[in-house]
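The structure is given below, and queries will be raised subsequently.
A, B and C are the chain letters, set down in written order, and residue numbers restart from 1 in every chain.
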Amino acid sequence: MLALSLALGACGSSSTSSSSSSTSSSNSAAVSGAGSTFAAPVYQQWASEIPGYTLNYQAVGSGAGITSLESKTVDFGASDPPLKPEDEAAIAKNGSPAVQIPMFFGAITVSYKVNGVKSGLKLDGKTIAEIFEGKITKWNAPQIAALNPGTSLPATTITVIHRSDSSGTTAGFTAFLASQSPEFKAKVGEGKTVQWPVGTGAKGNAGVAGAIEQTEGAIGYVEQAYALEHKFTYASVKNVDGVYVEPTLASTTAAAEGVEVPANLGIKVKDPKGQNAYPITSQTFIVVNKDLCKAGIPGGEGAAKGVAKLLEYGLGAGQNVLAKADYAKLPPSILEKSKAAAEKLECNGSQLKA
Amino acid sequence: MAAPAADPVPAGGRVLRPRPPAARLPDKALRVGLAILASLLVVLIAFFFIQLAIEAAPAFEREGIIGFVFKNDWNVSKDSFGALPLLIGTLITSGVALVIGVPVAVATAVYSTELAPRRIRSPLTVIVELLAAVPSVVYGLWGIFFLAPHLKGVEQWFANTFSFIPFIGGGLVTVPNYFVAGLVLAIMILPIVSAISRETMSSVPANHKEAALALGATRWEMIRMAVLPYSRVGIVGGAMLGLGRAIGEAIAVAILIGNSPVLGKHLFGQGYSLAAVIANEFGEAQGLHRSALFASGVVLFVLTFAVYAFARALVARAARAESSGAAAAADTVAGA
Amino acid sequence: MSTSPLAAYGVAARRRRTDQFVRGLIVAATVLAMIPLALILYYLLLKGLGAISWNFLTTDPSGNTFFGAANIGGIRSALVGSLLIVGLASLISIPIGVAVALWLVEYGRKSALARAVRFFVDILTGVPAIVFGLFIYILFVEGTGYAGYKGSLALVLLMLPIVIRSAEVIFELVPIELRESALALGAPRWRTIARVTLPTALPGLMTGVLLAIARAAGETAPLLFTAGSTMKTTVNLGSFMNSLPVQIYNDVTSPTPAVEQRAWGTALTLVVLILLLNVAARFASRRSRLG
């Protein structure tokens, strides 16, 4: 077995590793990161576009990613929810304060499969909350019909599909519902894992998507990238301004525009204002120590430079790649702040940005 | 077990020298070496459990040991960690897996060793063991996307027709449920139970079998009298390994059980299990939640041990009961 | 079958019917056991065959998943990684497992230490694979870094109980007469073990070993937190190392359909690999038995 694998490894190594001899900066060092599964494909895509770059990313989940950064197991962490104060403190213990940098946004779609009903069914937060609480059980219920005069709705039973595994997507979705319905907030609450009163649990976006595809009358919450790639039918959700907006890349970025940005950049998209804003939007961050080398990241100086390079690309040309991948880019106001934060990163006192 | 060769009996009048002490060294070294290895293993495993118990401690402190195990409320966002629904779920799915998987596996082993034409024995073995090659996540995905939807209709019919039987009948049938999780677990444990049973059955001494046949037993009677009793220990050993797999399987169950932390009232409804909760929630868990997941692991260990101890006791009792019965008679006849 | 010979001996019709009935049941159960395998293989082929190509096996996965299926790369690093990680784990767990089982049967018997060993190994059988990964992660990876050999360590913990339990059953089956004859002929214990016990037990041992390897090769969770995931092929077990199950895990969560298909292709590859291993092992053992 060993011989076979060595042979395989050898037969390829000629065609493999363009050994970093390309661009000037010492990017042959590998950079390790851990965290958000949502952001994983994007970071891998960016890394593949930087010549000679090696990214070892562990898609273990935002929580595990932050813990990994705290214990200096990886060079950077990736989290969907903003840092809690205890996490900021724990990361700072390594010798340098924590910096969270918003990278991009994604919407959470309310996808469904109902015979004859196309994309764009109008739903508002309160109705969605009632559906996911189990109070509305049929598609032709008066609450739904009232919002959609002119659409013929069948009498099919609504099958609610939710996430069974802990996830930032659940956190974002329940945060929205909790803000729209005090009853939902009291009964179910918000968070990465909640106890859903009704419905079936499926594992991962793929699980929810699959379950929706298979069940007539199903409704569930699915990441935008997924819904767009698999061409789902999804709802138009009423935003703060009273407009029913479909989850497009433009409406997602628009939602981010109206967001209040705290000093530590720990944004949370809540009740976004703006005509074009899609209200169920969530963010994702790259989390690092301000002075990476001083904090003692495993990859050392080489990795520190690498992280800076990834940030530089991601906040630059990488933002244009996002659209192709069905993720939403940062609005200019936030992009500016992210870039500023990235530029302030240091290695043992000296600025990392070239 | 025969004692190591001591002073041999003189053969044909010639006096055989007893082996010099030096020649006994390899034996001693082997015995001591292996014993050390076994002890080290015990230390390693004990260390493993202690480590995990340490991680689990905060959760046990918070809920109390009894509280954690028997409280019926696993609600992460409300910081409540009672593992009873998980425990029940593990018992139900493993139970289904054993009830379905072991008889089928033993039947396959019997067929393979006693009834199958010689030529298909080897291919048959390879085919059954191929089931062991399928990764757990594939079982889960195949189960939820292919098997469960197809079974839903049958399950609904079953629940409706037998609704008078508590637990099995009645209730809303969901696509992911205890039964389908248990069924896929049964498929997953098939290879190991079958393989070990088969190995055991193929070592039944031929004279046992021939004796039974010579006495006029039919094929099945021969199997029942000579093969199965002899293979009992092996079958139980295989079943225990299968049970361990069923109890500890996380990913496939997480995909198939619906992940709803409720006390299962219906076989065809959703539930949760101790292993599945770890797989589902570990990535995002911090602090007390993480500790609670380790605590679920500890509950799993204790459960495994309890079930095994019970199984061993059962086997020991059955062995004692039988030792004065037909088996002894067959032994005498077979000239063993 | 059940008509002439048994009837000639006057076997009661009822017994004959029971015999036929039960045999029918056994055959039915065996066929039943084959059905899931056929369905799973069919499903795997359906979803994954399209991904398989020479390129698939000899190129590393690339992060470039959004610009067309041609760019996503193959699974070479996962293939090499799995072979190395599982290989190392087997190298460690098989000798240790067989040795401990041997000790249990030959020396330990019913002693207190043997009971302790059985107790601990029993509980280990029920531990979810993810917990092994977490154990190694907490002890060796957190703060220190991911490494291929750490993944092997987690797999060793997974494989040991399977090897030990199955080997113990097999060793118990070695006929006591064989052992006694060797000893009566004056062979020392170690020679009896080496020349009689082990060779007799070998085919059975191999079954247990192959099952342990198959299990280890397919588990994701132990490797996700220890060997981690990376895209480049490497033979350095001290650094990040990709593996087939982790590759499946990463791919299955991707929104891109082509990447999802690659996940199925990877699963298919894994199954075929284990099949080849099984066939090769049996072939080798048959040759050695005849020779």
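We take it that a contact is a pair of C-beta atoms (placed from the backbone, for glycine too) under 8 Å apart; a residue touches a chain by one contact, two chains touch by 3 or more.
This is a predicted model, so every value here is computed, not measured.
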Common touching chains of chain C and chain A: B
Inter-chain pair with the most contacting C-beta pairs: B-C
Centroid spacing, where centroids are CA-atom means, of chain A and chain C in whole angstrom: 36
Centroid spacing, where centroids are CA-atom means, of chain A and chain B in whole angstrom: 40
Centroid distance [mean C-alpha coordinates] between chain C and chain B, Å: 15
Residue list for chain C, restricted to those that touch at least two other chains: 249, 252
Residue list for chain A, restricted to those that touch at least two other chains: 37, 60, 67
Sites on chain B at which at least two other chains make contact: 279, 282
Sites on chain C touched by chain B in the complex: 2, 6, 9, 11, 15-16, 18-19, 22-23, 25-27, 29-30, 32-34, 36-37, 39-41, 43-44, 96, 99-100, 102-104, 106-109, 113-114, 116-117, 119-131, 134-135, 138-139, 157, 160-162, 165-166, 168-170, 172-173, 175-176, 179-180, 183-184, 186-190, 193, 203-204, 207-208, 210-211, 214-215, 217-221, 244-245, 248-249, 252, 267, 270-271, 273-275, 278-279, 282
Chain B residues within the chain C interface of the complex: 1-2, 4-5, 8, 16, 19, 23-24, 26-27, 30-31, 34-35, 37-39, 41-42, 45-46, 48-49, 51-52, 55, 103-105, 107-108, 110-112, 115, 122, 124, 126-139, 141-142, 146-147, 187, 190-192, 194-196, 198-200, 203, 205, 216, 218-221, 233-234, 237-238, 240-241, 243-245, 247-251, 275, 278-279, 282, 294, 297, 300-301, 303-305, 308
Complex interface listing, chain A residues touching chain B: 37, 60-64, 66-67, 87, 164-168, 189-196, 200-203, 207, 210-211, 214-215
Complex contact set, residues of chain B against chain A: 74-78, 140, 144-145, 149, 174-176, 254-255, 258-261, 270, 279-286
In the complex with chain A, residue positions of chain C that touch it: 58-60, 62-67, 76, 79-80, 83-84, 86-87, 90, 141-146, 224-225, 228-235, 240, 249-250, 252-257, 259-260, 277
